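What follows is a pair of complexes built around subunit A, which joins subunit B in one and subunit C in the other.
After this line comes the complex of A and B, so read on.
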């Protein structure tokens, strides 16, 4: 009999603080700060740099043995002071680690003391605190915790503005740029958080930048409380853990909750919502994008129909991708995530009610060894997910279509689109090409037309 | 341009070589300053990098998922056989484990992983919170060793209990427990262990071949392409040859004390140091003049082939300036010499973990005006790259984007590289990589000093 596994083998998730650091990079003039050991900051920097190819400074309070015994207050304060001096940030985003959480540091209390003690010094940055113990959840939870903490710290009450908040989830810099383009084309003022489209995918520097340009300014985030609505992507993201959920509770800003808009149906929902909220039709350019996509679906449908794939990654990405794949006739025989919200199956079922008849299997809290075991039984035509699936892809000779985060073994992951008609188009093209390439390689004839 | 200043707590870790000016001793061997964005990692990282290449051992990280996830298959340390080291295992501690302790989970994880993967030994790395929740790892390891019959070795690598160097020591401590448990029968008198060589991109194989050509038996490589059985009989070698002195000198000293094996420090980077590392080993066996003759033969053959091929690079790179920021100081010495041999000068030299002697030697080697840094950070590195107008940065993944943002070349000299830089062929690869990066036409589009191109 097969026993339940105890150890995690080739994890399909990362730790909580990584997500927080990425989210904090989406605030203008902000330095992410990890309250814990030096290694956490360094490992996370290395991991993010390998995907985004940008300098990513993450400060650390650099615990020593005495710190762990007597508490991290002293180190945190010195660290904040040094970061303030060296980076002159507008915001410092402090995320905790397993170490500082386990010793029970009262970080909000320490931040209050710090503000009091140093109030007469140089300009005091806004201090945000997100609780991100690595023994809870995974990187995506840290991401959302940081976004929620940011809004909680900065959003203010004000007269209702004609402003839309948009919380897009953990998406690529290219996706963020596309969302901004859409909102700008609708000519609606917006507050998008986090916006790391430039900080994580920016231009060259003629001179040194302490903090790379870009990101949502604190002053704009402050207006989130007076927005007319929030749009939040992420099927498994509960209101109690989300920024939009907080704004609804605290300021009565209506929360519109959508899945990641991947595929035509889910993208339609997003555009329709924008039309409703702005009382105007979408600009013609997006109808064109949609028409081209429908046309491409027609051109490519035979290649993809009844292909079997395994999709893995963050749960919300998996839900969005599953919706898209099922609308083009691909069966995601396994939807897998290292995350464990308990909502993955339910979220997929909401979008695809006949999922069981279609043979869609869902597994949360798995690692790559679990997924590999499944792959050997399910025999998918290809895998879809981040670079970390390459080990099993190579071993089992199943092609891997890379998307999401991290992309460590291909170029340009930060410029990959996933969302909306444009992102879906890009994904559809890549999927069809994956199938064509496979067939071409498998053919003994060597067709030049496929 | 905006003035960048050095943080108050770091001023003793940075100095510029100037004659006639009295200079402070560089302060090093200290913990990183809180908030300074050190390029260093932690104790765990030190242990993990040293033991990682042991390919037939199980490496289980006891802690929450991050530490194992970030070190999954990240080094270019290759194996000629088993590849267990390239998988990532974690006890993935959850909140309840933190409250009630993780010993049971550790025990079950070990039993099931050993059953599944049949390793020759297991290394159990403790991470930060394991040090806090008080799991008795020693006891669990003993129990599992008894039940499975393989060595199960705790590595005390709690991230916050020191610096990366303490992690090296914890790893060496685990290795010491293995050394001496194997048979030394049949080991030649003319034998060595290669210490501190991790077989990145197959470098250990290159080095090993040189020594074997000299008639030297290599008993074990610690830890590149490492095997538990080879580690167990390492005490049978006559000499320890230590590269990457930061990580392995402690082990060499322990072996000297316990088994009377002397050690020498070497470096395999650059023609000069590579040749010296062969001669120094040959000198250790004076009764066999043929070994020295063979060493000379190896060097002369290799250099004869290498030297002309370097001239193209030297011609192009003459007068270019380099900045070096790597993990260990010993590597910095070799790099300075290697760069000089292709016509380049060094304007910044530093390391994460150098000691006082290292920095004294660096100061001696460096040209006037060279900046020397210990445990630096991105702000300082950028400042000096710009001020000194460097054309190249040599470092690791974390330094790479600094170079590219500032529009200069970069050479990866860290664990992730896929091209061997050690040995004579490594010198060619190094020169080629430097040349390809520094001379690339893409830098013509990089804005310089705020001037738009």
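After this line comes the complex of A and C, so read on.
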């Protein structure tokens, strides 16, 4: 059943402020703050928590009827004051919502007034403002807006340092930990933002915490302006909207723009770039990881070759996954996203020039009803994406391999790897096992060696 | 964690909670932190705004309207008018179950419809897009009903969802389209949305279908949303007892049932907070009395069944109810007898909902556990102190913004099911008709009652009482567990349930046993252990904040 439609049914995207809250959570000692109704903070908290299984406090300016009519300045100031007193944060990340954007609150102006009014009180946290109206874009845009706003607020000019900025995009805490391990193994000083590897996937608290430990310190973000280069992941992320783009314009920090390093080819590009920037070879352990991955490709090729899949999620994740899948002989018959950058097809084409011959179809700005319509025509062997594809998977009896965000019907989404040789290895094993499990379940004999 | 046998003096606890606050805040919070006395119930400040910047458990009006009350009815297409987030976040998150009678029956619960408002709709208005969305939903499903929910920007840009609904309703002729002005900024919590939903369902649905219903003992079940299959268990018990369920509001319900609900002879109310308006309005318009019941807990279920039988006053029904209880109870007893030695003497805290913090105390009592402190997220004074206080509740600006429907007896359909004398006789037998005595009457003397608990207060309470289990929702779950205390989610049930009725009680006993006696908690060092070692130098949240 195909239908052109105005309404979005079963959305394949979340709202702008959610991404901003997650990004702010990756700054050390930072409280995310939503300027709008309290329901936004509550819904976004409960949604992030269902994936990460970690607490996340998001403050709100708690709009009421008269706030909506007369403006949110008063509520925002009280809210900031209370968060400052309760949490003693180093940073408060203020993101707007559809409500405060609709009434047109001048948030930068209110923040300036606030700083003036309370300058003699307790230590003033750094206040960051990201404009994230929910009626524009999706959660990934809010994520990037918050990262860019953070750098814009904190980065300073300075003598060129031997520092590399890395803006890894919306990846899992496990991916962030792996990237940090790589950079540490290269023994290169780095500024990775946002780093929610601990705040969104930490241990029990032996002591009380106002804000969970972890995150990129503001003092390190300040150095971003004097870094020697920025590496930014995300094929569809334009320089004009990105943190690295800002640093290049404002401070002349060269922006190296890569797709998410998933698969051997894209991971190679990342490691080569690190080798060039640090003028040293990669540590041997990564050659080992790469060799094991190639070996696994060889061992597993017979299971995955010529399989057809539908991949959906944030555009950059879709591009990265498409590069990897085509490398192992799987055809992504549909690359779909709820996002609408206008760059999805172009970005895939750059990595896979013969995509049309391979039968790779691309659709932006779709919802799960559109994807399901396509699935019924394309008859993929399995689906790859977040938990929201489950209904379609169940109804059409197509297996779903879960990755990305949100995952709320499997355990450990926050600990899944996607990036680099190690992440690709984990994905490859999971994909092969999905195929094997299918075959085994379908076998009338019940083979145990597959 | 060992079994608690000694409780601290509640007045000392109250002092400790309040003392760290600045004077003004302390004054405000002291009205919401109360030491209970079931004989002379003290006043609790409730349903007042949360201060900006104080992180709250509460949600918004839209969440209460669409998420809670309207969400569980399977054959209404719910269209959320606004940007995408609100619709996405309420998409299947409440775990309402439903059971269609055949494969042909409509079930739109798995769908998430949104107008996905874009910037141009905010600037130029979104009514056109809304009407197109309604048309699309109609063309796609030909549903009996389409409901429209306004989110924050809608009220501000001046979209009239009611006019758009009316226009489309008249255009279709065979599809009841109606709207809700449940923008997130209305009211102080989701409670405002419950009221708005009650008004809409009453105005647009109840009484539309006058087909006489069959059955000797006909009732509606109000305020049961079938989370984890709760309503299924109650339906099973009703059927066994020979009671005819006309409609539930709104777990496992259909449009037809809701429209025909006024043909029942009794409304029983489970979640008082979210649906009491409906009970009152149906009483006034149709003459159907309502009674507060609770099917949370085996004993409470038995008690509620007996109350219903007493209401109908039929000896055969009473006997049948007794037979059901006699059949169900031994199965429950076999399980609880085995679990009880492991749970007796343990303690619980419940800070959840607008009724759940009351209902679940019964299950803990059955487990031999003591509720040392409880409170609601979004309840009003009557849920704490009982409905006798209703005339004394101050109407503030926030409540004034929610419409109070003016309801009169229906000229044709008003039919008092019981005469005044009959009602008096029932009341003398101990039945609370059109009444609810609240949570505090049931809690022990000197237990602690706290409304709209703050982060700081929850940390303090956990440190002081070291409870064996804390009950709240997903937002609180992982922070409490970081302190080494298990948290039971009483909104989503930690993806378990049902917890109602006899089978539900057994599920709950087993789940709580697994949680409070789990060896993993021994691996987690609680923060207060360190606080004690450092003479309190390892401080928790600051208590200081400003109120205006």
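By definition in this document, the second predicted complex is superposed on the first by the 447 of 450 C-alpha atoms of A that agree within 3 Å, B and C clash if a C-alpha of one lies under 4 Å from a C-alpha of the other, contacts with A are read in each partner's own complex, and residues count from 1 in each chain.
The rule is simple: a contact is a pair of C-beta atoms (placed from the backbone, for glycine too) under 8 Å apart; a residue touches a chain by one contact, two chains touch by 3 or more.
Source: prediction; values computed, not measured.
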Three-chain arrangement built on subunit A, subunit B and subunit C clash or fit: clash
Touching partner for A:65 - first (subunit B), second (subunit C), both, neither: both
Partner chain(s) touched by A:24 [first = subunit B, second = subunit C, both, neither]: neither
Partner chain(s) touched by A:134 [first = subunit B, second = subunit C, both, neither]: both
Which of subunit B and subunit C A:83 touches, first, second, both or neither: both
Overlap of subunit C and subunit B interfaces on subunit A (superposed complexes): 3, 5-11, 13-18, 33, 36-47, 49-50, 53-55, 57-65, 67-68, 75-76, 78-83, 85-87, 97-99, 102-103, 133-136, 138, 204-208, 210, 388, 391
Subunit B-touching residues of subunit A, taken from the complex the two chains share: 3, 5-11, 13-18, 33, 36-47, 49-50, 53-65, 67-68, 75-76, 78-83, 85-87, 97-99, 102-103, 133-136, 138, 204-210, 388, 391
Complex interface listing, subunit C residues touching subunit A: 49-63, 79, 82-91, 93, 110-119, 121-122, 129, 132-133, 136-137, 140, 151-153, 155-157, 183-186, 188-190, 397-398, 401, 455-456, 459, 473-479, 481-484, 524-525, 527, 530-531, 538-548
Parts of subunit B lying in touch with subunit A, wherever the complex brings them together: 1-2, 4, 7-9, 31-45, 60, 63-74, 86-95, 97-98, 105, 108-109, 112-113, 127-129, 131-133, 159-163, 377-379, 382-383, 386, 397-398, 400-402, 404-407, 445-452
Subunit A residues touching subunit C - in the complex, by the definition given at the top: 3, 5-11, 13-18, 33, 36-47, 49-50, 53-55, 57-68, 75-76, 78-83, 85-88, 97-99, 101-103, 133-136, 138, 204-208, 210, 388, 391
